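Going in written order, the chains are labelled A, B, C and D, and every chain counts its residues from 1.
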Amino acid sequence: MLDGKQMAAPKLTRKELVDLLKAEFPEASHAMGDYEIEDVWHGGCRLRHRYDDRSLRPGGTLSGATMMSLGDFAMYVAVLSAIGWVPLAVTTNLNINFLKKPAARDLLAEARLIKLGKRLAVGEIGIRSEGEDELVAHVTSTYSIPA
Amino acid sequence: MLDGKQMAAPKLTRKELVDLLKAEFPEASHAMGDYEIEDVWHGGCRLRHRYDDRSLRPGGTLSGATMMSLGDFAMYVAVLSAIGWVPLAVTTNLNINFLKKPAARDLLAEARLIKLGKRLAVGEIGIRSEGEDELVAHVTSTYSIPA
Amino acid sequence: MLDGKQMAAPKLTRKELVDLLKAEFPEASHAMGDYEIEDVWHGGCRLRHRYDDRSLRPGGTLSGATMMSLGDFAMYVAVLSAIGWVPLAVTTNLNINFLKKPAARDLLAEARLIKLGKRLAVGEIGIRSEGEDELVAHVTSTYSIPA
Amino acid sequence: MLDGKQMAAPKLTRKELVDLLKAEFPEASHAMGDYEIEDVWHGGCRLRHRYDDRSLRPGGTLSGATMMSLGDFAMYVAVLSAIGWVPLAVTTNLNINFLKKPAARDLLAEARLIKLGKRLAVGEIGIRSEGEDELVAHVTSTYSIPA
């Protein structure tokens, strides 16, 4: 298992990543506006999804789509932290278990790679509501790394 | 396997579903605006996601989040078509395989239930770009049905 | 979607596959003894798992392991039917939904590829009890194809 | 997240579990013979799969079926550790990522619940080869708990 916090520095710092994402993905920047990359280490990262009432669903909870997008983006950042700027890395599989209805609050996602191969990277992402310990969702995801 | 087209009528018609979703989920209506429920039968449905350049990603493709949200919503409609208006049915698991980069076009999702139990419903959803035969993504999903 | 029955012949016939598996995997032949490859076409196959009371579980049902192994092996045969004898193709992901307790009877699995790329193949497998229409389990699986 | 080691004692001790499994599942005891339940705590456990050359595959690795069965059984033990003897709890979903070919050695699985609800329990299981740190497989699984 990669435990990035005890490993080498990330291939891209938090600032480098944020700048590259903004420069290269201007068309996605409105979506990126909902996210904050809080920390990046080799093989992992922590992201925040800022609460926005467009994500609200009946019962005062957040949409599943919000959690899936957050998990997918956290995995993307974790992959880039480990291999550097390879923006065309693509998700091939994502599995999410929804564990608990999240409150109408910020979400925090922590991603870590559990495999980093030449062609495939696999990671897991835990998603929590700010201020809570229990997971609201758990994601595993595979990215394909172009040659 | 449920093959809805040869089974009973859906518990809710397409029109009833659209009206209920609009009335009950006003906060989600801006998101719903991207979707069209094209057909509903018992245990299945076909949905269209209208192309919107907010979903565009580098290389002229659509975001994974767009496909995940479409798959999840198609499954929700398929569940309601089979059990009636139980809006608090919630996704417990979603697994998606991304098969091909979708073009910058409308997406079509066809969902069908493969299990309809008292507590759990399981379905699969194939997602295609309009005008193409090959799947761009394949989803399986489980919903929990409240007692 | 690959609909093998209307496509080219398989790269390996049923007989070629059976002979190769027996010759190359003698150490697995006792396990293979439980399976029969009933039909093979380009991108798909139908396998039978012969009932054996070692697979029995409390309540007269079959173990989950029996269904997972059958699904995985059916996917392997489907991949080889489409790419020829590449025995070191390996599963990278398998997702199974258990839908219904299978009776103490033979199981039939039908696999079909939904993507066949240069590096990855993705398929789905439906598993039924002999003589029944409803699925007892549904599998999606990804294989990595060596260069 | 349940971190069982800091929580209450398991509902069943290791010895109680082993005795109940042997008494109630005599038909599965030959399979159980390959496993050793090494430790059990509330919401988690550690299991060993003893190497057996029936699990060997070409290239000196272990079959995927071996890892899937081990992951499923570890989740079963983790569920029973948290809810007590409810033998008819059944797997509804299992997702496995195969990360690395395991050597021809014992496998160790560590399972922990990430959700324990009234109707559903969700857990993750990491599988390693004895003496190695890296995971060879990672499993997430859902069990349905009968009323």
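Throughout what follows, a contact is a pair of C-beta atoms (placed from the backbone, for glycine too) under 8 Å apart; a residue touches a chain by one contact, two chains touch by 3 or more.
Keep in mind it's a predicted model, so treat the numbers as computed, not measured.
The pair with more inter-chain C-beta contacts, choosing from B-D and A-B, is A-B. Taking the CA centroid of chain D as reference, the farthest chain centroid is that of B. Per-chain CA centroids place chain B at a distance of 34 Å from chain D. Centroid to centroid, with C-alpha atoms defining each point, chain A and chain D lie 28 Å apart.
Averaging Cα coordinates per chain places chain A and chain B 24 Å apart. Among the residues of chain C, those in touch with two or more other chains are 92-93, 95, 97, 142. On the side of chain B, the complex with chain A involves touching residues 24-25, 27-28, 30-31, 53-54, 56-59, 63-65, 68-69, 72, 87-88, 90-98, 101. Taken in their complex, chain A has these residues touching chain C: 92-93, 95, 119-120, 142, 144. Those residues of chain B that touch chain C in the complex are listed here as 1, 95, 97, 99-100, 114-115, 122, 124, 126, 133-135, 138, 140, 142.
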